[in-house]
Amino acid sequence: MNEKQPIVQLVDVQKFYGDNHVVKNCNLDIMPGEFLTLLGPSGCGKTTTLRMISGFEKPTYGEVRLGGQNVDQIPPFKRNVNTVFQNYALFPNMNVADNVAYGLKVRKRPKSEIKKRVTEMLKLVQLEGFEKRKIAQMSGGQKQRVAIARALINEPKVLLLDEPLGALDRKLRKQMQIELKQLQKKLGITFVFVTHDQEEALTMSDRIAVINEGEIQQLDTPQKIYDEPATRFVADFIGESNIIDAVAMGEDGDFLRVGTENGQAISLMADSNIQTGDAVSVAVRPQNMQFSLEPVDHFSIKGVVSDHIFMGHMIKMIVKLNDGSTVRINRFGEDELAPVGQVINLYWEPGKSRTFRNKSWFKTNSVVDLQEAVDEANATHF
Amino acid sequence: MKPTPHTSEKKSLKDRLSAIVLCGPMTAWSLLFIVVPIVILAVMSFMTKGALGVIVPKFTLANYKALGDKVYLNVIVQSLIIAGWTTGLTILLGYPFATAMARMRARTSGVMMVLLMIPMWVSGLVIIYSFVILLNHSGIINTFLMHIGLIKSPKSMLYTNFSVICGMLYMFLPFAVLPMYSSIEKLDHNLVEASQDLGASPVRTFFKVTLPLTSPGIFAAVILTFIPCVGYYMVTDMLGGGTSMLIGNLIDRQFTIARNWPFGAALSMVLAIVIFAMVGIYTKLGGNLDDLG
Amino acid sequence: MKQRENRRASDVFLKIVVAVVMIFVYAPVAVMVVYSFNNSRANMIWLGFTTQYYKQLFQDQYLWSIFGTTLIIAAVATAIGTVVGTLGAVGFRKHQFFGKELIHYSMYFPIVIPEIVLGVALLLFFDRMGIALGMPTIIIGNATLILPYVYITVNARLVGMDPSIEEASYDLGADRGYTFFHVILPAIMPGVLSGAFMSFSLVLDELIVTSFLASARITTLPIKVYSMVKKGVTPEINALSTIILFVCLGCVAAWLIVGGIKQKREREARERALNVD
């Protein structure tokens, strides 16, 4: 088989529950050996997508292919993928060894082989000596390891993990994240990981598919997703962003000038996709947000500092804009702070913001009206 | 244009096979031995009785009209009185008993429950025969009461409504305690404390908080007592001495002595309909059918 | 202070109720036990101590054969009810089909309607179908009576079962049959067993449905007991019941002792597990 051939393919997959369109036109190629995360808020269709790969759900339209083969007619128990379930789904009537051995017992492998493999798997997840333990006597983290060992004993080509760390406390979760990533590297198995925790997704994945309302918003490496979010949703969901909704008003030299509803204007790096009159969202990370006491060229966003929040390694400045919305600015170490109550001008370096075209959110569509509002605001404030 | 959905999203052959193996036997059993017999019972209640108990397939309402007869009305009223008394006493004794159990440690309350059930496992009927010995004219209770000087001459207690109610209470109290216990035990004690914290007296708290919240258990107990009470003719046979007759006895008679099956069927239908109405109210009030098991 | 007094007052009241109920329940039991040693057939007056009814009980061939019949009926009816009810509960949770609601609700019929109505309905059914009364009709009647109990207890267990363990089994390569016997059945076993136990004890004691469906040639222990009790001739029955009573009490004592030991062991095991973490 060709090295470049994707191991899991979703082709034009759609899923309906009655009238409920849960997965909308999903196309996804998962490559052998990669750690791919399906990331999104609860109810976004990520678990349904995973369950279509494992075979517990069937797509309403489209195809799921494993190793290039359409698996529509293949029930879950004949697919060479295994799942680590959300609440582990360990068999309560069996001890640790019997749980792990289950996949091999089903296949009627010889006893000696089963015993050897179970020992190997328990060693892999660092649970040697726990063979005879009952499931009820295991802690959350231990159950998690048993579930992983049980899923891996069949040597699946793809391991599906459905929010496997959701039930663990924060410290244990961090530790398991690292262990899982190391395990995946060591075994070279493809992991498809479902989570709603963006931090988890960023630290573990080779690639992330960000999903919202049944649609893949962006599929890329964690770095790219963080630095260059493709949609307003991704910018908001991954990391922290200040999002300013505005309308493109026209060119301003090399820049694009946008105005907000309440009469503030910004000039941004020109983007060929955006035309005058388009509704746009401008996203700026808090650490890229700058302020000045003096007016700044190309920017006319003013706000009042309303609070300082101490976060340990940084201080978050909360700035209230005149439309009531807030903007957050992260200040590190020796960075200068503006006192609470101070009026400041906000700006950022060119290229440190992302601009997205929105479908339609704006109430006033007339650019002329907007320009007047901006002029008026400038006249009163400056 | 929308593509056509996969046919595979529908059930596969093996899915159907699994459905048939799992659901088939119970579905067949229920249709054959529950649904069809009830339908036959309903039809039979409109049939005419011929000579020597032969059933004539001729539609009539006579069986239902006969219920208006004074003799039968008496039986129905008496059934309701006895069932009502039994149910009332069951709740009055069972509810505090269940409360006491809920206050005990889990193991102790388990033991109490078992102690309550043991006579039922042995055989309630054999044991309630002891009431004959306890309650008769020269029986233990009369002798005892006369001995301590509470009464001068023996009271007749056996073969009265009193002895029947004693027997009924004996048969059904254990089963009625269970649902009341489980709803009292489930009651969030914080609510009781919150009520008292807000200044309500214990009595007020009981009537405003505890009782309403445990009412599903009480209603389940009512149904568990009332329903079998109306139909349970053995107790009246043994402790009623022919003086009291319940609907159950009347139905039994139609099949054993009178051989008037259509009338017996009509009586059974009336009984079933009354019970369904009660259960309907129970579920409307938020009761769970499973608690009646 | 006042609250504590109230609590004490209510505790006293509850204790009195418990005492009253226990006397009410056990006074007739005591009478039964005592009179099983009464040297009188009529069973009304105390005529001295004897164990002759225990001896008679063990020699009474007829009673033992009835007891055997009753056991067979109970065992077969329980087996049918348990298998059909368990399969049904599992299937009804998983599958959808036309008329499922009707069947589901019909399962509550035998529980909510008085037994006498079920007995009458089945009698009419067998009569119309031209099926002669006898052992099979008794078994069918009793199985119908207990089927709902199994269905409900297994259902309750299924509600508490993590549904993903079934999927986990398929995921690991097991087919439907293997999954049913190795994962689902063990998980719902406590429900199946308690349903079966309840059913068995119900059938052993069943009188109303059985008496409607029994022919003249066949008698079960409850029917025999009832006819004897009705006539007031009961010393052997008292003896039998006394034996059953003490067997029950013995079981409870054993259960308490074994339960205590098990509880202690489990607590120790849990502590050990927590220490490892």
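When the chains are written out, they are named A, B and C in that same order, and each has its own residue count from 1.
The working rule: a contact is a pair of C-beta atoms (placed from the backbone, for glycine too) under 8 Å apart; a residue touches a chain by one contact, two chains touch by 3 or more.
The model shown is predicted, which means the values in this text are computed figures rather than measured ones.
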Query raised in the report: By number of C-beta pairs in contact, which two chains lead?
Result: B-C
**Report entry** Longest centre-to-centre distance from subunit C, chain (CA-based)
**Finding:** A
**Report entry** Mean-CA-position distance for subunit C and subunit B (Å)
**Finding:** 16
Report summary line: Averaging C-alpha coordinates per chain, one finds the centres of subunit A and subunit C separated by a number of Å equal to 55
Requested in this report: Mark out which residues of subunit A touch at least two other chains, giving numbers and ranges.
Outcome: 75
Report task. Could you list which residues of subunit B touch at least two other chains? Result -> 14
**Report entry** Interfacial residue positions of subunit C with respect to subunit B in the complex
**Finding:** 3, 6-7, 10-11, 13-15, 17-18, 20-22, 24-29, 31-32, 35, 43-45, 83-85, 87-88, 90-92, 94-95, 97, 99-100, 102-103, 106-118, 120-125, 128, 140-141, 143-144, 147-149, 151-153, 155-156, 176, 201, 205, 207-208, 212, 222, 225-226, 229-230, 232, 234, 237-238, 241, 244-245, 248-249, 252, 255-256, 259
Report summary line: Touching subunit C in the complex, subunit B uses residues 14-15, 18-19, 21-23, 25-27, 29-31, 33-38, 40-41, 44, 93-94, 96-97, 99-100, 103, 107, 111-112, 114-116, 118-134, 136, 138, 140, 169-170, 173-174, 196, 202, 223, 227-228, 230-234, 237-238, 248, 251-252, 255, 261, 264-265, 268, 271-272, 275-276, 279, 289-290, 292-293
Query raised in the report: Which residues of subunit A touch subunit C in the complex?
Result: 54-56, 75-78, 81-83, 85-87, 89-93, 102-103, 106-107, 133-134, 137-139, 141-142, 150-151, 154
**Report entry** For the subunit C and subunit A complex, residues of the former touching the latter
**Finding:** 162, 164-165, 167-175, 178, 182-183, 186-187, 189, 269-270, 272-274, 276-277
